[in-house]
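Below is the structure I would like to discuss, written out as structure tokens.
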Amino acid sequence: MGKYIEMIRIRFLMMLAYRTNYYSGILIYSINIGAYYFLWNAIYGDKGSIEGMSALQMTSYISIAWMARAFYFNNIDREIAQEIKEGKVAIEFIRPYNYLLMKTMQGLGEGIFRLSFFSVPGMVVVMFIFPIAFSTNPATWLLFALALVFSFLINMQINLLTGILTFFFYNNMGLIRAKRVVIDLFSGLLLPISFFPGWAQKIMDFLPFQGISYVPSMIFTESFSGSEVINAVLFQVVWVLILILPIQILWLIARKQLVVQGG
Amino acid sequence: MENMIEVKELRKEFKSHSSRSGLKGAFRDLLTRNYKVVPAVNDISFSVKRGEMVGYIGENGAGKSTSIKMLTGILTPTSGTVRVNGMDPHKEREQFVRSIGVVFGQRSQLWWDIAVQESFRLLKKVYNVPDDVYNVHMNHVIESLDIGPLLDKPVRKLSLGQRMRCELAAALLHNPPLLFLDEPTIGLDVLVKLKIREFLKEMNAKYNTTVLLTTHDLSDIEALCERVVMLDEGKIIYDGQLSSLRSNWGEGKQIEFQFADTAVTKHSLQPLLAELDAAWTPGNRQNVWIANVLNEEHVISEVIGRVVAAHKITDLKVHEISIEDIIRNIYEEGITNG
Amino acid sequence: MKYVQLFFQYAAQYMKTRLTYRTDMVVEIFSDLMSQAVNFVFILLVFGHTTMISGWSREEIIFIYGFFLVPFAIFGAFFNIWDFNDRYIVKGEMDRILTRPIHSLFQIVLERMELESLFGVITGIAVMLYAGSLLDLSMAWYDPFIFVLLVLGGTLVYASIFVLIASISFWSDSPTSIMPMMYNIGNYGRYPVNIYNNVIRFVLTWILPFAFVGVYPAAYFLGREDWYTYAFLTPVVGLVFFTFSIFMWNVGVTKYRGAGN
């Protein structure tokens, strides 16, 4: 276990080393949240509420969705694809650790870095500029933190899946790019899932994406009530468990293929 | 003869920042950083005549590639002047680079995915070479380097030796009067090396091409260059004839004996060299010993005579001290000892 | 003239290599279409809950988005140098570029071009035609020429911002994170700038002038006369910013430190 924790630490240090990225990160996340804030205020106009959410709840939703994104978002899929293309993965197989777990830990190190250095200060900045509703209920914060962990896991698992797919489609950068924009929409980052037409929401219930952004953001803004919260977190847990299966299967096939073809 | 390259008090400094250790250090690095100004090239001056082939040597980090990059216009000097082929490489870069050819052994000039001849065609356009000039010159180059059969293959399918010959052809496509070669033979087998050397000599003879050659392989330098410029820690420590390097610092010879008796020890051999100014060093096998002696007839005959008289030997070789040993000695002991 | 010839030479080579990796090209175009579709769907979803955004109707917003796609596609085909720092500075490919007798940025544009991105021009025009027909827009004979001019202006705006950010690599170790984020900021040019507050509007107009890629020039075709001044400033802003970015690039080249030192 020690080596995995070390990996988190190393990645954290690596992120610290690039200080220009750090400064620009805070600035850019704030700009991002700000721009959506205005867009949504314009959309609300003088309407009091849309789909049961007030304008204030919506802007809080958007802010927290971006803040959460800083935590769960990473480029591990790209990294895996790169390592596969450069043949480095073959070397990783002979190392005494689980490659996928290692990548997850690297992602976690990156996430913790961004959470503490991008999102929290960014959020403070945003808070001073725009009105945002923060809950005072500690239970909400606790559940939010829990949901955030699961959203990291689901996003990570999807990243691992797309990364591993490089074994089968040699150049899948395009796929990775497409995946990213689709996730931004279907995860509820750009707008809450409740804004989708009814039939689309039904389909989304059978997909893991809303577990990434919609669930934690709705919990944070207290737009979910009572049993909805528990159901939402359970939804995340179920998906974390389900996604283990395809990853393991694809990974096994990939390994076999690697052994046979020699990378 | 006019000078092709003129370098006066050339200097290049790099700012390097040192990271503090640990997590706490990394946090402090976020706010302030420690800078240190390091001169990679420290006020060097030299000149190269048209048609000369000069070996440019030094250990890693001695400032070789930094100075080459200033000569080719890639980097701007911190101070000092560079005139190459009558131009300032960085200021008149686009005009200047037409007159040079560059081969970086570890970096490809050719396009990875397309056939070699397509790369040539592109470069021909890039350098604006007229068809007739191109045909005459390149046909000759292609023939000399024996790359005709490779032209329709994509670069990624070539072996290192094949690729290197194509790189060389690409660098010479516009028939530049000056050629910079940075590790052109790295990782190549002997036959390819010989072919490349032969070709460079031919180009030098035919077009009076000036060549500046950087390499770790001193046999390249011995085969091609009469003159070497040696760098250490950003300064020139030797600039002169390769042959005088040998006569000044490599006056000794090595006599290698292989004894029939495996029990021979340094101790038992010691008396044989008694008053002769010589010393034994162990060879690469158990019963092999090397006598390091002065390069004088009577000493050599005397040593061989005494050893053969005292012990049975199975083999005997006389070596000149290699240029590599000489250079290693210079770096280890400094030029003043010579 | 020589640069034009070179361009076609490179383009021909590009097509040859791309055709050997056909699936890549299809996936690339597919992923472009996908992100265009996502943005389109977002607009549709939002208008499922409202009819006007700050005085702009659904069709107008769609039209602006369609216009935005055209300069963005041309930018993507030629100036998409987001990996400049990694590829050219860290890996030292810049050394090779600098030993050739062509302007360094032009060489990089030639080497990095991704012509399949031009597919977005078609999507963009299609979206504009769709929205335009719903809006009953009429077209004068000179409109296509103005279109070309405004598209070029918008492309230059986009290109200059990315060239400027790439130039930072000559001074600083790693501006890599700014590049991907610029795409996000760039997206805000797709919406009418009057929804933002004055500060952001100012930034999008004069500092990172992404508004000149979408809403300002599109306003001309939508007949929004109060925006005409900005619409016709598009080529000027494009030229000024592009000139400035080339200047910064040229200064940056003299600060280039080389790889591995």
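The letters A, B and C name the chains in turn, as written, and every chain counts its residues from 1.
The definition used in the following text is that a residue touches a chain if its C-beta (ideal position, glycine included) is under 8 Å from a C-beta of that chain, and two chains touch if they have at least 3 such contacts.
Because the structure is predicted, anything quoted here is derived from the model rather than measured.
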{"item": "Label of the chain whose CA centroid is most distant from the centroid of chain B", "value": "A"}
{"item": "Innermost chain, where centres are averages of C-alpha coordinates", "value": "C"}
{"item": "Pair of chains whose C-beta contact count is the highest in the structure", "value": "A-C"}
{"item": "Computed distance of Cα centres, chain C from chain B, in Å", "value": "46"}
{"item": "Mean-CA-position distance for chain B and chain A (Å)", "value": "52"}
{"item": "Mean-CA-position distance for chain C and chain A (Å)", "value": "27"}
{"item": "Sequence positions of chain C contacting 2 or more other chains", "value": "none"}
{"item": "Residue ranges of chain C in contact with chain B within the complex", "value": "2, 5-6, 9-10, 13, 16-17, 20, 92-96, 98-103, 254-258, 260-261"}
{"item": "Complex contacts: residues of chain A adjacent to chain B", "value": "9, 12-13, 16-17, 19, 22"}
{"item": "Touch list for chain C against partner chain A, complex", "value": "21, 23-24, 27-28, 30-31, 34-35, 38, 41-42, 45-46, 48-50, 52-54, 168, 172-178, 181, 184-185, 188, 191, 195-197, 200"}
{"item": "Residues of chain A defined as touching chain C within the complex", "value": "18, 20-21, 24-25, 28, 31-32, 34-35, 38-39, 41-45, 47, 50-51, 169, 171-172, 174-175, 177-178, 181-182, 184-185, 190-191, 195-197"}
{"item": "Contact set on chain B toward chain A in their complex", "value": "19, 23, 26-27, 29-30"}
